[in-house]
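Scrolling down, you'll hit the structures one after another.
After this come two complexes, each holding subunit A, first together with subunit B and then together with subunit C.
This part shows the complex of A and B:
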């Protein structure tokens, strides 16, 4: 199959078109059909995407399974996969059936809901696989519209505020990425990611971008920080999570947020070496602040969805920390943390969604002592909470440990503060479990609550298996991505080395003037508002 | 020589002869009963002329001693104007019937307006430019007065006329000063003189006035004041005509004037254009963010597009490359198609028998009519320049061209997308918010329906294929420098 990547990418969209054109009516049967078709489509996409893994050569660090067609003007429709994008693609295809499953309780305008979900899957896959900068931009930013609609139409009471908050932040991210992409395009004269990154690797990112380097890096960081919900650009996430229906919360937290991580790994790491030389400590401080802020905020939340959102902010701080560390271990750790958080978050959100379906509330004070009536729930919830706070044996542990050890060369304080984040995570995890599940069941409303039903169990059991499997045998994933992350770390290392050499050599042609750098940042960052 | 000149201007000649004949025929025979057939015939002639210009191979040439230029740039804009007008005219019929304006002067005047537009984009001489723009102003004023039924409409017509006349005055004044300063009227002669003498202050002032006058016709800030009111108050059909076409025309004339008199990478042209374009973008973006009035919002969107196009032109002038001009043409093309398609629905939209004016009145439409609501959503998002719709191509190319000239301008251009798109998203939100009141409805003639769905389909598929538009725009832009 020469067009494997395109087939995987566009299969969900095809299903969406079939839904749009052929499904008529809005009765129970039609709704059920829409759900089943969406489930089958996302499932089939996952099954076919397994072929990408089997055809993938881990030892090759170049883009593989490449497809390339002429597109508008001198842009091209180019797709390919390497170790980094493989992780994100598989994550997306594997989790989308769970997103659809978690959305099973939606019962208004089901057809439109499923169409939007399927469209988002295609856009995400296209963004992860795109080898053309413009194609990446278009796919990544096009996610805005369907997510906005999903929150605005199917959200809770305050959906309007939540949707517009999301849209505003996402638009800022869009504007920043668009500027960065056009500046990169103008500087490199190409939108081909491979050509662009090898040009950057050859002469160093500074030579490629000149005095726009600071602006481009700031814009890229700003754009992806919003998508990743990295503190302080996270403001859209808690409210969106609190208002969106369960399926959408899973989608947001487990999949779309990861677009930011992908962007950072794909563009920031290869270009970031001189930047780390200049602003390394500040950026590390930013990521650490995200970890600690997210953790502390999670500790004081009274709403389950918001708590999980802030826990996500903290976890994404770890991802950012790994990206900034840019050693092989750190990058491996970031990738692992992405996957681990996605699985744990999906599981927890499905469970919280199950509670919301039963009690119509996500306020922590409305729960307590659930273990009495819901023993299965209590066990499953325990596993995911432990996974989310990074207990050994779960995938979360591997990610966090790799990140913390990986950033050690950058400074012991970074690693130590990062590890402190783990302690905070343990604190909010235990508090969450204690207040929701443990204790006596004293609330009247909970006396008749049902344990997890078959649908909910079917959704969470594979996720448990996945988090345990990756926790016990991380090599399942690390062997696939290892060579790519090693090459990525090596690129960064070479660029950083070149930067150090240049800095010591005063007659060097490439020298970033701090005054210049300041003026270059001023306009775009003010414009982008991040 | 004369034969060659006439051959160059043949499409315009055909249109003029047809319009005169139709006019005479209607006056001498059955008058208003012929309105329908005349509209049909005018549409046919415009469509055919568009096909002729688009697909018959032609070399770049000029006629009447450089007064009229027929190059790829002129042909591109002419096809755009002819086809947009060809779609708009019959679409306006239903509205004309409803308001008792279904009379034969309408298609004739609209035809003359189009003829003036064709001449404007071809003008390669200050005198020709003035004549063409003056005819355009006359025809548009005539069209506006046809729709005058209420005191409010009369007031708006007056405002519109005053706006046009102010623009025309600026153009006349600018031309007079420019000619006095340089002694030349042809663009190439002007360029030669300016290259030798640098023109001096007088020439600069003249050029600035002339550009400002054209910016009035383009509805660019700070000369946009008449646009919003006109959009809000004009009868539907006219609003469509006024939204897209004079804009394209004036900007095309501005582009030719800028490139052919200034030469690459010099002069004050780029600076003025940056001010006008940037001002339009900023004004439109922030006005759109809080605009409750639906058609006014669309007018802001049009000004936003104008701003982008003007900035693209400024970048092209500053760098002396065609990329910015290509971007401007793409923006204008997308705008023309999108505005036409969106207004095809919006102008006929009614709630409880009264026209829909507020954004919030769209509530419930998404459920009442999913197909048309979806099409409108696509068009609105396309105006906002959001991916994955075709509008992003124009935005991306413009910012790309800008970043080659002034990287900070590209950043500002991208940043103003935020308030602008947020404003446009309110329409989408309203469309899909349920309501207890009766949702709005619109009885659309088949043609309007086709325009709406066709426009949405084009923008939806625009990233898959642009049917060669991008390449044609590139050729058209390059022609200006040859």
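This part shows the complex of A and C:
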């Protein structure tokens, strides 16, 4: 199968087309058919994507299974996979069936809903697999449209505000990424990622980008920070999560947000070494602010969805910390944290969605003592909370341990504050559990609440198995990504080394205006690390 | 066989916790208990057949570059001794719990609760097993955090009770701060040793590198060994609930008595000691960590004993007693008197467990009234429990005949620790720590006095004098069933045997037991102090009256942990919640939100006012945002076209 990557990528779109053309009517049967078709399509995509893993050779650090065709002008349609993108691709294909499953309770315009979900899957896969900068840009940014529609049409009472706020920030991110991509294109004379990155590795990112280095890096960081919902560019997330239907919250938090992590790993890490030399402490402070502030804000939320959104902000802070640390352990940790958070967040959101289906509320004050009537829910909820706050036995533990270990060389204070973020995480996770699940059940409205039904159990059990499996046997994933992350860390290390040598050997290193960068990222770094 | 030893409790937990629906809850509790008994037997066998350290690798775990770790079982003197203590105590506690948990009014009729409790106990044993047999620091951390988590589950066992839930949460989150310190210590060690395996971390080249490397911490240059040692000491101090981190001990007291004993004694004190003994070469290279531990230990032992003296609830007395014992052990660890520290920790483990079991028996007999002011005169009604608690009290205080080796529980080790402090005060073992060592010695004497006083008070208020409180309750009070009294009997024997067992265990792991003989010179004072305390207790508390009238204010102060409980809360939790509120409402809700809106406004009004007209009223939130979004969308489209044309052309 020479076109394996394209097949996987476009299978969901094909299913969307079939839905659009052949499915008629909006009665119950048609709705059910739309759901089933979407489930089958995402399931089939996952099954076929397993072939990518089996054909993938971990020891090779180059892009594999490459496909390349000429596209418009000198752009090309190029796809390939390496250890980093493999993680994101498998994450997407594995979680999309759960997204569809979580959206099972949607009952208006089901066909359109499923079409949009399937389109998003294709766009995400295309973004993760693209080897061409422009293709990456187009796919990554086109996600905005279906997500916007999903929130704006199927969301809660304040769906329009939430959707437009999301669109606004996504557009800022779009503009930043477009400018950065264009500048990269102009500088390197190619949009081929492989060629671009090896050119950067060969002569150093500074030689490649010259004066525009600061601008490019700031724009990349800004663009991906918005996608990753990194503090303070996270503002779109809590509202979007609070308004979106359950399936979309899972999609946003478990998969879409991860685009930012992928972008950072793909473009920031290979190019970022000279930047870290200059702005390292500020950027670390930013990531730590995300971890600590996100955690503290999660601690005081009164709405379950918003709480999980802020918890996600803190978790993505950990991912950013790993990316910035850029050692082997830090990058492995960031990837692991991405997967761990995706699984835990998907599980928690499905559970919160289950509560919303029963009580029509996500306000914490309306719950308490659920364990009395919902013992299975209580156990499952606890496992996902543990996964989210990084307790041993879950995948989350591996992620945080690797990140903290990996960033220590960058500064003990970074590791210490990051590790303290775990204490904050424990506080919001356990407080959430205590207020919602533990205690006596005294609210009348909850006296007759039912425990998880078969559909919900089918959704959460594989996620539990996955988080435990990765927590106990992390080599399942680390073996696949290891050589790629090793090479990535080595690239960063070499570039950083070259940068230090230049700085010490020549009297006039290339001037980079740090103030410029600070304004461009619009990143108040005030005292977060102190 | 090691694998069976380790996995038996896990198997018991799973079969009991999940399988009770299949074979009924009584059978499930027996399955858990028998699996623990089996594990205890295997632990005995392991110790008896021990012939040098060995590692059993079970499979790969986290592998990321040079951070390469396995799931593995390390059996050496230390882990074998720890496994023996753990598995035996858990087995005893489960046998006890069969009778103890038979009825529980906190759960409505028909609600099954026993399998959950027994599964938690077994899970605790498993977590401790993983921790003690770790061959690398990562697995140790795994067990370390797992122990804390099962402790959280046990504390929150009565999930309907608000105090249990909030206590469990606070104790757990407090512990997480210590966990952070341990995690950073791992990162620091990995940065120096490029490995997380103990044999690499603790070999002489790494230790030499740790001594040689200088790190700047808060403006001061210290060796890497001191930095790492300090972090490890901090982690251990949080685990052992030393002063400032002490709140986790009294907060855990909502766990049923066997669970409470596990949490503070095994999961707290013993685990902390284990960390220091396991990583002893690092501590030996870090005099700063030693100073820290002596200082914190000395302070804590007086603090804990003082607070225990004023508690009204039986279990809270024991919670602060364990805090105080943690202090004693830390003084020994800081002085490098590892053999004495281990013996003292074992003594504390056995005697405190015995006291917890006795306390549980009393509280059950008194219809769950935990307040000692309602007790009195229970001696004749509960003779076995009385005997158990008297032995436990004598062992806890370390009472014995001075100038001989004859005494209960921690008698010999207390003398040894006092001698070590005296030695350190004369010879600079700790760098410049002579004054500190001298102070620690006096702290040991004072805390010995206070310990004698508070165990005397506990016994006198509970068992002597005339019955107080409700008549009916007292009339119904009776001795517990055999499954409750037999484990107490075994622990009574153990209390007497601790000095021998401690010396044996220390020998097993090649620790020096020097100074374990009769205490000499000034050190005798430390062993006399508990006797003095007991003698003082009699006239004050014998009539069953609590604190004398004139000292109520002092009592209240001490009862609230010398006023620290509220203070710690005020300087940690309150400001953090405040900050979270502020960030959420002000920064997030107003400033950043206003920022994004302004951005859109500038964009819309300034750059492209002509391009899009508001389709709705721009002054309503939805209309406004819609307006700006449309403007932005159009702007983005223009940008796309602009750049596409420029780049291609």
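Here is the rule we go by: the second predicted complex is superposed on the first by the 506 of 530 C-alpha atoms of A that agree within 3 Å, B and C clash if a C-alpha of one lies under 4 Å from a C-alpha of the other, contacts with A are read in each partner's own complex, and residues count from 1 in each chain.
Criterion: contacts are C-beta pairs under 8 Å (C-beta built on N, C-alpha and C of every residue); 3 or more make two chains touch, one makes a residue touch a chain.
Keep in mind it's a predicted model, so treat the numbers as computed, not measured.
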| item | value |
| --- | --- |
| Partner chain(s) touched by A:123 [first = subunit B, second = subunit C, both, neither] | first |
| First, second, both or neither for A:160, with subunit B first and subunit C second | both |
| Which partner, subunit B or subunit C, touches more subunit A residues | C |
| Partner chain in contact with A:182 - subunit B first, subunit C second, else both or neither | both |
| Contacts of A:297 with subunit B and subunit C, given as first, second, both or neither | second |
| Touched partner set for A:54, first subunit B, second subunit C, both or neither | neither |
| Partner chain(s) touched by A:171 [first = subunit B, second = subunit C, both, neither] | both |
| Touching both subunit B and subunit C, residues of subunit A | 73, 160, 164, 167-168, 171-172, 174-175, 178-179, 182, 185-186 |
| Residue ranges of subunit B touching subunit A (in the complex, touch as defined) | 367, 370, 381, 386-388, 392-393, 395-397, 399-400, 402-404, 407-408, 410-412, 414-415, 417-418, 421-422, 425, 428-429, 432, 463, 466, 470-471, 474 |
| Residues on subunit A engaged by subunit B in the complex (per definition of touch) | 71-73, 109, 112, 123, 134, 137-139, 141-142, 144-145, 148-149, 152-153, 160, 163-164, 167-168, 171-172, 174-176, 178-179, 182-183, 185-186, 212, 215, 219, 523-524, 527-529 |
| Of subunit C, residues touching subunit A in the complex | 59-65, 67, 138, 141-143, 145-146, 149, 152, 156, 159-160, 162, 165-166, 168-169, 172-173, 176-177, 179-181, 183-184, 186-188, 190-191, 215, 217, 227, 576-577, 579-581, 583-584, 587-588, 592-593, 596, 599-600, 621-622, 625-626, 628-629, 632-633, 635-636, 639-640, 643, 646-648 |
| List of subunit A residues in touch with subunit C within their complex | 73-74, 158, 160-161, 164-165, 167-169, 171-172, 174-175, 178-179, 182, 185-186, 232, 235, 238, 293, 296-301, 310, 328-329, 332-333, 369, 371-372, 386, 391-393, 397-398, 400-402, 404-409, 412, 415-416, 419-420, 422-424, 426-427, 430-431, 434, 438-440, 472-475, 478-479, 482, 485-486, 489 |
